[in-house]
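The first chain written gets the first letter, and so on, giving A, B and C; residue counts start at 1 in each chain.
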Amino acid sequence: MLGEAVTAEKPPLRARRLSWGFGSWLLPAYTIIALVFLLIPIAYTFVFSFNNSVKSNIVWRGFTLDKWANVCDKAEVCEAFGNSLVIGVVATVCATILGTMIAIALVRYRFRFRSAISLLLFLPMATPEVVLGAGLAAEFLTAGVEKGLVTIIIAHTMFCVSFVVVTVKARVSTLDPALEEAGRDLYGSPSQVFWRITFPLLLPGIIAAALLSFALSFDDFIITNFNAGTTSTFPKYIYISAARGIPAEANVIASAVFLLAIILVLISQVSSAMRRKRLAKIG
Amino acid sequence: MAFSAFATGTAQEQAPRRKSRIALFLLLPGILYLVLFFLVPLVSLVLTSFQEPIVNGDIGEYQTAFRWENYTDVIGLYGEHILRSFLYAILATIFALLFSYPLAYFIGVKARRWPLIQNLMLVLVIAPFFISFLLRTLAWKSLLSDESVVITGLKALSLMAPDAHFTGTPAAVVFGLTYNFIPFMTLPLYATLERLDTRLLEAGGDLYSRPFTTFRTVTIPLSMSGIVSGVLLTFIPAAGDYINASRDFLGGTGTAMMGNVIESNFLVTLNYPAAASLSIILMAVILVMVTVYVKRSGTEDLL
Amino acid sequence: MASGAFAESGADLELVGISKRFPGFTAIERLDLTIPAGSFFALLGPSGCGKTTTLRLVAGLEEPTEGTILIGGKDVTPLKPYQRQVNTVFQSYALFPHMTVLDNVAFGLRRRRIADPVGKAHEALRLVELDHLATRKPQQLSGGQQQRVALARAVVNRPALLLLDEPLGALDLKLRRQMQLELKSIQDEVGLTFVHVTHDQEEAMTMADTVAVMNKGRIEQLGAPEELYELPRTAFVANFLGQSNLFTGTVSGTTSDSITVSVEGVKITVPKARAQRHTGDVTVGIRPEKLLLHTSDPKTAAGTNSLGPGRVIDVSFSGVSTQYIVAFPGIGTVTVFAQNLDFGPVVPDGTEVWVSWRVDHGFGLEDEAESQPRFPADTDTATIAVQKKRALMSELEEA
């Protein structure tokens, strides 16, 4: 998912150290402090998922694995989490399909109104969530559509499409067009060329886009809040219970999601590093 | 923009684009979707912002009209909030930039010889994304509340007045905004700095430039596209944010931003025209910024 | 879909009246070309001359704006690439990175539902001596090996026509020489028609039976390598293939079998059979290796031309030969290649010398040599600016 991000043309850094100067320890030290700073709330959330809390989860009462073991004792938390999952999956599937098609068109084909379309794809990323949320809610209001799960999914798909386009487009641009030409030259019909050559090579980008889309959808609050009606999603549940006191079970779910995400990312990094070693040139 | 940080592999020179009807088929579903669920809502917002209440109607009942005064009303009523939003957003952007640039520089330039560590650090930078941002903000609220270790410690060291607060103040809101948008600033900066050809810095040194001058005259201009992306990606959502400023989170009585006002008008008092006109004002300012950006760099690199 | 049968041997290729225009510029203008079956044909020219476009037109990867393409007498112009019995070896090899070498080679066979694709793929890999790497991925192979896999992948389909788009460009010199010989021997073995596009004139002359020199979308001259080299018809061919010494003057006399051109008072005789034009202003030329260097005035024997006296202004040793640049007052500089039969240069810098050559080694061109600018046209700023403007305008057209 994350770029190996090394361009082929640049030479590797010379073995001899570049002149670092007096501040050569300054930057690394700063980086470490900065990274620790970024991780503080995560650590806090994780630690407090083990808190033996009763009502609110602000004061430390003692360590317990109880909340992890019985996460769904608080039914609302699990219901909200479940909704977020469903919404995330459906919105991701829709946005990924729509976005991938657009990305391919943008890179490979000529068509009119290219600038207008680029702008249209860019704007949702540049529009504040309040505006997006309020606008959609206004539209649903005028159309008389009842707010609920479906409207949330519609909203999430909308703002995810642009991100999918950007991610897949970056991947499509790395594809050597000669590969598809070779496919056509070797008697592949257009659909064969797409499914046997283009799609497998795009897949890492599509997966990255899908993951990004899911993450955006799962964590979305503002747009959801405007368009959810009474349906509960995980972020919405947290917002509502912020006043009363958030149960530790919510911390448990959030920490679990975090761990899962980090593990997935680390696996993908390690496996791509291993793959690079295996594919090192021979002969 | 930022997402080239996620691109694996180098961009290849593409063949001249083909003209084909397939393009239409590929584009139509997505574009129609966006038109229907992005453009139309914006139009809807504009229409709503001009509506007027139905005489003798219920709360939340409006009819189509052309009431310009909605805008002037809203500016008069919430002018303070509007200015405050932009002020907080600008501050948060500046702080995020100052915080993120050295970080992105280290990861993207200095750490190039250790790609595995580079990737690891990037993962740590975006790790906050994986915890719901509401929980992140609440975590800071707890960590910086009056009873917390940090604040009691600062008071014990006489760095803070005994009866001062941190949470509930504008400082806390800006702090929260800065923290939450650091990844948005770091990633585009990283993406640009990662592509920085260090040989150019060497050339600067070779041409008698001292390190800081090289930084000022070579590095910064070359990373400008990343800086602009990061600034846009940070300022725009920050200006419309209302979580950080909300009283349940890091905000207090004097910190309400435009977002809070829009939310309360839309969802609580059901004053749709007011909410809509505020949204349009916010959108208009953003559009001006985006237009300047597009005029300077064109639409090809937008995505 | 191309049928399951292999083409038994190579087929004729005919291009009739082909033009290809892109938005903003014309790549090929009214091209006519016939390539006989079973030959090794080279399309030679500088970058931008249209040779790669011609190849892509034959492969079906581009459509001609005008004209027809016939393979084996059949009009294939409306056919898509996967319907034509033509295969391409791409400049970047274009090996599918997500498939093994074997699957790469078998790809075309499988698309055409040919029986025993795996067996035939192994056979093709044995032909290029890479069968032992069949299960590897392309990224694990060296450049030379990848090139051979790309060749096997194309050849295994026994196409009527095999197109090679500068396939040796990415290889280092020694490997390139080796591959040139291998390609030639494979072509002899399988008997397919090879069309090889290159900008390397040495490569074209070594490998091909017939060479066509292209410039700015047109074929300047077509023929066997020796013919093109020893008897160029245009200034472009004279300068592109090897080096030439060119002299422009007016025809001052003719005989039954030769013409004499007067260049700044010096008379140069060229056989009529080797001169494209016999009247008016004519540019004549002589190859540098055909010139003899003299330190005293050679009394002009019958059947030779001579120039002099001049002064040697540069001596360059390059192993096999030494290049001398001699300045003649009024005429300009002349390059002489002398084989290093002994050690060291024959004359040092600054010596007064004469050059002579046999009359029947000279040639007369169709056109006049243009004065060459110091930097080739496509790197001069004005041209770049024009290209950029064209690109912008074509974008505006689309928007």
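In the analysis below, contacts are C-beta pairs under 8 Å (C-beta built on N, C-alpha and C of every residue); 3 or more make two chains touch, one makes a residue touch a chain.
It should be emphasised that the depicted structure is a prediction, and the values quoted were computed from it without experimental measurement.
A.B. asks: Considering A-C alongside A-B, which chain pair is linked by more C-beta pairs in contact?
C.D. replies: Between the chain pairs A-B and A-C, A-B carries more contacts.
A.B. asks: Whose C-alpha centre lies nearest the centre of all protein C-alpha atoms?
C.D. replies: The most central chain, going by mean C-alpha position, is A.
A.B. asks: Using mean C-alpha positions as chain centres, tell me how far chain B is from chain C in Å, no decimals.
C.D. replies: 57
A.B. asks: Where the centres are mean C-alpha positions, what is the separation of chain A from chain B, in Å?
C.D. replies: 16
A.B. asks: Using mean CA coordinates as chain centres, what's the chain A-chain C distance in Å?
C.D. replies: Whole-Å distance between the two chain centres: 52.
A.B. asks: Enumerate the residues of chain A that touch no fewer than two other chains.
C.D. replies: Residue numbers touching two or more other chains: 110-111, 114-115, 176, 178, 181.
A.B. asks: Which parts of chain B, given as residue numbers and ranges, touch two or more other chains?
C.D. replies: none
A.B. asks: Once bound in the complex, which stretches of chain C touch chain A?
C.D. replies: 1-2, 59-61, 80-82, 86-88, 90-92, 94-98, 107-108, 111-112, 136-137, 139-142, 145, 153-154, 157, 398-399
A.B. asks: Can you list the residues on chain A that touch chain B in the complex?
C.D. replies: Residues of chain A touching chain B: 1-13, 18-19, 21, 27-28, 30-31, 34-35, 38-42, 44-45, 58, 98-99, 101-102, 104-111, 114-115, 117-132, 134-139, 141-142, 154-155, 157-158, 161-163, 165-167, 169-171, 173-178, 181, 204-205, 208, 212, 215, 219, 221-222, 225-226, 234-235, 238-239, 242-243, 246, 250-251, 254-255, 257-258, 261-262, 265-266, 269, 272-273.
A.B. asks: So in the complex, the part of chain B that touches chain A is made up of which residues?
C.D. replies: 1, 3-12, 14-15, 17-20, 22-24, 26-27, 29-31, 33-35, 37-42, 44-45, 47-48, 99, 102-103, 105-107, 110, 112-113, 115-116, 118-125, 127-140, 142-143, 145, 179, 182, 194-195, 197-199, 202, 205, 211, 232-233, 236-237, 239-243, 248-249, 258-259, 262-263, 266-267, 272, 275-276, 279, 282-283, 286, 290, 294, 299-300, 302-303
A.B. asks: Which chain A residues qualify as touching chain C in the complex?
C.D. replies: Residue positions touching the partner: 110-115, 176, 178-179, 181-189, 192, 197, 200-201, 279-283.
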